[in-house]
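All chains are identified by letter, namely A, B, C, D and E, in their written order; residue positions are counted from 1 within each chain.
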Amino acid sequence: MHRFIRLSILLMGLFAASSSYSADVQLAPLTTADDLGPAIEQPIEFPHNRHAGLRNPNDPTNSDPLKGGMEINCLYCHTYARRDSVAGIPPIQKCIGCHQNIESVRETPRIKKLFEYWEAKKAIPWKKVHDLPDFVRFNHERHIKRFVFQQNRPVQEVCGACHGDVKTMTVARRQKSLAMGWCISCHEKDHPVTASGNGSLINAEGMPSSMGSLAANGVSIGSQAYWYGFKKPAANAAGAEVAKGPNDCSSCHY
Amino acid sequence: MDNNFDRRDFLKVLGWGGAAVALSGCGNTSVEDGKETVVSYVEAADYVMPGISVYFNSTCAQCDAGCSITGRVREGRVLKLEGNPDSVINRGKMCGLGQAGVQHHYNPDRVREPLLRTGSSGETITWDKAYALIAEKLNGVSGDQIDFLTGTVSGHLKALLGNYLETLSSKNHYVYEAISPAVQRAANLKSYGMEMPRYSINKAKVVLSFGADFLGAWVSPVHFSQQYAEFRKGVDGQRGVLVQVESKMTLTGANADRWLVVRPGTEGILALGIINALGVAGLSLPANVSALVNAYDKERVSKDTGVSTENLVKLAAMLKERSPSLVLLGSAAEGYEHGSQNAAAINLLNQVLGNVGKTVEASASVPFPQIAPTIGNTAGARIVNNRLASGQTKVLFTYGVNPVFTTPAEMGFKDNMAKAGFKVAFAHYLDETALQADLVLPLDSALEDWGTQVAEYQPDGVQISVQQPLMEKLHPNTRGMGDILLALLKQRNPETYNAFDDYYAYLRTALLKNKPQFADSGADDDVFWNGLLGSGIINVSGNLNKLSDKMAVDINLPAPVEKDSKYPFNLIPSVSAHLRDGRHTNQPWLQESPDPLTTIVWDSWVEIHPKKAAELGIVEGDILQVESKSGSIKAQAYLFPGIHPDAVSIPLGRGHEAMGRYAKGYGVNPFHILNRVFDRETGELAMHETMVSISKVGKRVIVVKDEGAAGGHQDGRRIALSVTSDQVDLSEEV
Amino acid sequence: MSVTNLLENWAEFRHTHPVDDVPHDPYKWAMSIDMDTCTGCNACSVACYAENNLPVVGKDRYEHGQAMHWMRIERYWPEDGREFPDQGAQFLPMMCQQCEAAPCETVCPVGATNHTADGLNSQAYNRCIGSRYCSANCPFKVRYFNWYDYPTTENVWPAEMTMQLNPDITLRGKGVMEKCTFCVQRIRAGERSVKNEGRILRDGEVQTACQQVCPTNAITFGNLVDPDSRVHQQWKAQRVELTVDEQEKDKEEGGSDLRGYRILEELRPYPSVMYLERVRESAI
Amino acid sequence: MSKRHLLAVFSNFHEAEAAVTELRNTSIKGFDSNEDMIVKSPIEHPEVEEFLGDKPVYVQWFTLFGALMGGLLGFFLISGAQANFYAQIKGGKPIVPFPPNFVLTYEMFILGGVYITVLGFLICAGLPAKRSPLYTSKVSEDQIAILVKTDEESAGVLKAIFTKHEALEIQEEAGK
Amino acid sequence: MKDINEDIAWAKINTDVLRSLESPRKLYWVIVFGALAVFSVAVGCEVYQYNMGMGVANMDNPHVWGLYIATFIFWIGMSHSGTLLSAILHLMHADWRKPIYRFAEAMTTFSLMTAGLFVMVHLGRLWQFYYSLPYPNDRSLWPNFQSPLLWDAMAIFTYLSSSVIFLFVGMIPDLAICRDHLHAGWRKKLYTVLALGWEGTDRQWRNFRVTYLTIACFLIPLAVSVHSIVASDFAMSQQPGWHVTSFPPYFVAGALYSGCAAIITLFIILRYTFKFEEYMTLAILKKTVRLTFAIAMVWTYLNAVEFASVWYSHDIASKEVLIQKATGPYAIAWWGMIFCGSVVPLILAFKRFQTNIPVLLVTSLLLNLGMWLERWMIVAPTFSHGIYPWTWDHDQWPSWVQWGMVFGSFGWFTLLFMVFCKVFPSVSMYEVKEMVYHRTLASKKLEDSGMQESGKGAH
């Protein structure tokens, strides 16, 4: 009999301990891992690594694309991202703008295909890789403005926070979960309101991390509709003004 | 819009075809990969970004008021029409009818291919064939046998049409509008020296309107609504007072401080009675006027019109005291055999009150007569009908009109049309008239066509509104009316017109030719042109018409008619702000937009006064047969307190037998039971002169309306509150 | 879940709104509608259809009370028992009143409708499961439920008409509750663009579709906490306060000269729409 | 020491009672009447508790614990979730409102109480259990059985007592 | 008249009850297949509604709730009888409950499950139902705990799971009987597992008694809370006709009332189909009937209080809703409710009808109809005649889809219930034995001590 009672006290203790722990822990989003989305067949296998990849370390001046990337800024091609809610796909015009002067790859199958589209004046039917449901309104412009222009972070890191390490991919593939909880995990964190500097958006676990101290000499993000003290920009330990991302449902859903 | 990117190229480049529209936003709930396509542009202008709207100014073509609009364009599709704030006519505002212009454009029932009738069926033909056919049919027909029946036309389209008629050596351009203030124009010409003076509601302290629904469908409602708002906010710190006299409450009547119900047709008597009362109240009247109104003492007028003497006296006192005032005259007063007399009497009241020159001002007319509007009236259809009946017309072109639908059945337009050898309809829909045509040529919508418009009513100088495409053509085989006319002209006169590739080129050339009159003549052509497209309007000062103030006293008003025991009710065909004469009935927003006063949607109804209905044992939803001498229709009854007990009212615009899925089979068409009675002076159809009988037939139906079971009562709740003007001081408000 | 967070910010979590003095900052969207200039022309309602992808439900559906007009124009007759309505009718544009203490918000089982920091009663269509409790609890009955799948099975937008649809708005499928949002898509776009400039929206930079189209300017919309905004000035001039359930107008004895009021204020939902009474001439 | 199980079946409650009373009062080697004797019956006899002596029941402690834990967890889980559910204001009510949370806490209190009580019951009653060494289906019909465990050598004594009290049948099995 | 024949042999109890698991009358099969057919109507309706949208139910924009919510409340209410009989009467030592509480408890469980169906059927987006459940998810979202619907969900979940547990715990000794006395087969295996190795040892009985009592104690406040929470779905709002303080007790009384009425119905049906005449005796029926009558009067009183308080108040809107109920389009249903709920139960006051099975069957069905109408009259009229006059509707009548679903739910309930009665003993065998045992003891005692006294009294 006492055996049972001892066992049950143990069980109860365990239960109480685990439940109080779970009640107090900040629940992380369920999926944070880089869960690779499916490989998608595109009309042209655009080699992101060639365009955005790092230059050949052995020869930083090297511009031979076969030996390494060209470190083209993401925003060079996806130029809408900084002025527009959608990042968009560059018009073929843009591809041609460079490629008509690059004779070395002119005859490769991919470029030939590109010119076929161009000459036929036909749009290329790219498949969407990062396709949020239609009721989600993600705004590229605000994220680029805030993190690239106001906080002066590297473009590839900022874009990579959601799009993964595109510079290592050929055809882009989804790396991040893009589930709502995943978005929120970033919005719920305090980010510096004004900053210039480095620091990483992504911590070692691949999760967006809150920033450390940063010099407050950037541009203000402007007033945000905050409510109640704890949501308003506040000074963090290092004295930088920090604020969370918008947290209304209607920031993204309407 | 300072860009070097050609507007036309822009439209082609954008191409709406690629922009898929999600049909259910709440469908998938998780991230999807590779299911949707994103189509990049081949080329794109700098300012074109996916997801960002661009705005282009154009002109609303839903009615002839000439409102300038701004189209919101995204991914090559026009999404929404908004008002152009620079326009003096609508000042950035719009009406519901104008908003629905996009539904006209995207309408699934538009005609998409040229259609040729062969026997009882039609076939699709090419444009070349269609043009050739027209040339063939015109061959050997004298100019006198060719008739053009169009709606109101203005701008360069009118010029082109004039040129075409000239090459055909035809003078038979008849302009027809089923609902038009034509009697009034004639009366105005007599009284003020111009057909359409400028009315300044915002300068009047009292507006006395004889059935002019200036907030609904009269002349330029968006403009007048804005004036009305200013008038309500106060003229010299005093809130304007609106008195509406009519037999059936219009939207304007519903907004009046005092709505006076008048026996149908006695508006003129009331006007003279007011003049008399003004004289009694001490206003000095010219002797001839005095003589004219002498017989109209208040007791007699009250007896004839049904307006109480008390109201008559109060009204006269107010008009005398608060000056300037403005007397307006609308279709309710015009639509009788003695309509011109009514109009003259009402205009006389304005003159007696000294409003001419104060609130009735000289209007300007466009300095280029070839693009000045040719205003329609009902006489146009009448003449064409007679010509068709007598076989004088061999070839009939129709554009922007639907006479088979809008003329009284008694006139027999449909049958007469068959007598013409060849009928060409330039049409958006296969409406009742297009169905009778031998050749139907599909038109571009106003949102994909070029053009210019000059409105008849010009509030400030003259505004030439520019119409430009907001997007690429939706259907490849529709053509702009201008392009068609140009093609037809090229058949006749290739030397002159081959110089123009298309109507766009013609328009550009024509406007650039007059550049010195529009702008600094030194301006570069392209800069001028882009600026013009950017603003969407050209403002010219115009030629100021000369205002005259001749009091005409040769007014001879008949005594009110005695009730006909067979047809005891006056039929008032009411004009709704959204449906008008029914040309836009196929736009679902308009069908589902409740009638402001009855809140009925999607159907016609017969308005009858509750007291009368109780007498006759009629309740809401009873199907009533409304019978005139020339026919009968059946519609549901709606008990409406704002109507004279001796009148019933049926709205116009519904009852289509063709046209499209949203129009066909909804409601009835009261045009068809109108008696063939005309105004004695102008020959206009006397729309209100039809007498009808009503009888209950069939089963009761549920009236489809927005109003709930409470029937427009607040039931003691504090919902819509009202206050009298002596309790508030509007001048202190923001 | 964090209990730590809960305890740390306890006082914040216990604020009631709007009666505890926590003002909106920097936005509080509000409206005022002048019924003296409203003519009942329905332009606002059509503009709303155009802007917000409202389905035209057709005659049968309308008959069954399933219309989707977010903005409806109500027409009231005077109740003085006269034979003719000789003071005209009265028109009242009625749409979601964006109540500060909205009865609809508390009852949604999934929290699809919430009060936003800028004072809107937001509706997340994708979160809605269609319990319709919000509508049951709305005293104004301005919430509209998608009884059918208008975009697909009902085919309300035939092929070409889909091109008119506003891509900035989620297209609602069946089983979703919807309502006037004060054109939240315009507000959000405006807020975003000024954020880039580091400032807040000025009066008139964001207009609702109904306000934009209204031919008589009867509708004023703007930021209530911005002293330069017209809506603020109107509310102030009428001495209507957001957080009060009885306004000056009703407190004064014997005919006040104010005409601003909010509908069903006595239920204390604190609506964000002020109506101005219709005026009728006393001399006639 | 090898053990032996005996099961005596009685048709009558009084006979069983007498047998038990005698067993309790008799000192038998290798048989402890508190530990080694189990009475099986088709219905609940409150009297059994009396004649078997005071045996404690602990279920109510489970109940107390379960209810308290349920209530506490309920309140904190709910309040915690509300505070972290993007802290959305609803209807002007506080983000952590008491009345609804109390309702839910109340339900969780009961839920915890019921669940843990049943858990406690299963633990205390030793259920689910395997069949005991000796069983007769008569027990679930209308007869009362006494199961005893004793040393091999005392079995006879017990048998004698059972027989004396008119046991209908005595089953016997070697224990493990 | 004795509640039960005290001479009945325990073994016979076993055989009689176990026989019900084997060979019921033919009527049983008629009922089962009938129920299946009726339920399939609801399935058809739901499939149609799921595909087309809620519009096919013919609700409209002010009138967003209809028969689904009304019937939901009805079934929730129905469930309260089980608790009444098993928990409340258990605590009161009313041992006449023993032969009939098992099926009442099963009724609780199954009517809750039926009510649950209506929650689902009611949802506009059934496929997103999981949004309303509190569980950690990828969206980091929780449901809104402020919503009375969530309290409902929580209360019903608690009630359902507690009822199932209570039913199961109370059945363990009987399951052991089944295990011991049924011939081999899948059922025997099932019982073996479910009986958990119950042997009726003193330790088991001891803990069993405490547990059973404890759960019964929990169940009573729980049952009260469930229906008062359902009441707060309405009472928490500001709508006229709903915002009534007396709603929670009114709902609870109504719940017990409809539950009791349903017990009478099922009592009669079970008694016949499973040949339980000896256990479900007329004496017990009589007691149940009297209980029902008492509750009917409580309900009538509360109903009157509700009307009176509305009548006496200055809440115009509520008053209008009340007047509308009595005179408007719902008048027939409303007066029907008054008649069935307050007038019909007067029959139960007559002794000769208290054991008249045909009369009772009809009466109990009428009472249930009245209680269903009551729920409808709570839900619907407020929508038709709310605070805002513009939206008053004049023609809202549930479509055949709604009626079909309501109709079908009875099939679903009956099906579940009848299957249960066939698989599990619907009369508690061990408790009937206890009852017989205690009654025998008591009458013996009475004989011993009371012989003289009663003799004195009698003669």
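What we mean here is this: contacts are C-beta pairs under 8 Å (C-beta built on N, C-alpha and C of every residue); 3 or more make two chains touch, one makes a residue touch a chain.
Computed from a prediction, not measured in an experiment: that's the story for all the values here.
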Show which chains lie in contact with chain B and also with chain C.
-> A, E
Can you name the chains that touch chain A as well as chain B?
-> C, E
Closest chain to global C-alpha mean, per-chain Cα centroids = C
Report the pair of chains linked by the most C-beta pairs in contact.
-> B-C
Using mean Cα positions as chain centres, tell me which chain lies farthest from chain A.
-> D
Farthest-lying chain, centroid of Cα atoms versus that of chain B = D
Between chain C and chain E, what's the gap in Å when you average each chain's C-alpha atoms?
-> 43
Between chain C and chain D, centroid-to-centroid distance (C-alpha), Å | 62
So what's the Cα centroid distance for chain A and chain D, whole Å?
-> 59
Numbers and ranges of chain A residues touching at least 2 other chains = 23-24, 26-27, 133-135, 177, 179, 184, 227-228, 231, 248-249
Which residues belonging to chain C are in contact with no fewer than two other chains?
-> 1-3, 5, 9, 12, 15, 67, 72, 74, 103, 106-108, 111, 114, 125-128, 149, 169-171, 176, 264
Would you give the residues of chain D that are in contact with at least 2 other chains, written as numbers and ranges?
-> 76-77, 80-82, 84-85, 87-91, 93, 120, 124, 126
So the complete set of touching chain pairs is A-B, A-C, A-D, A-E, B-C, B-E, C-D, C-E, D-E
Which residues, counting only chain D, touch chain A once they are in their complex?
-> 58, 62, 65, 69, 73, 76-77, 80, 84, 86-89, 116, 119-120, 123-124, 126
Chain D contacts chain C in the complex at 76-77, 79-85, 87-96
Chain C to chain D touching residues, read off their complex | 1-3, 5-6, 9-10, 12-19, 100-108, 111, 113-115, 270
Across the complex, what residues on chain D touch chain E?
-> 38-46, 48-49, 52, 55, 57, 59-60, 63, 67, 77-78, 81-82, 84-85, 90-91, 93, 97, 100-101, 103-104, 106-108, 110-111, 113-115, 117-118, 120-122, 124-132, 135, 137, 139-142, 147
Would you mind writing out the residues of chain E in touch with chain D in their complex?
-> 9-11, 14, 134, 141-142, 144-148, 150-151, 154-155, 157-158, 161-162, 165-166, 169, 172-173, 176-177, 179-181, 196-211, 214-215, 218-219, 221-222, 225, 229, 232, 430-431, 433-434, 437
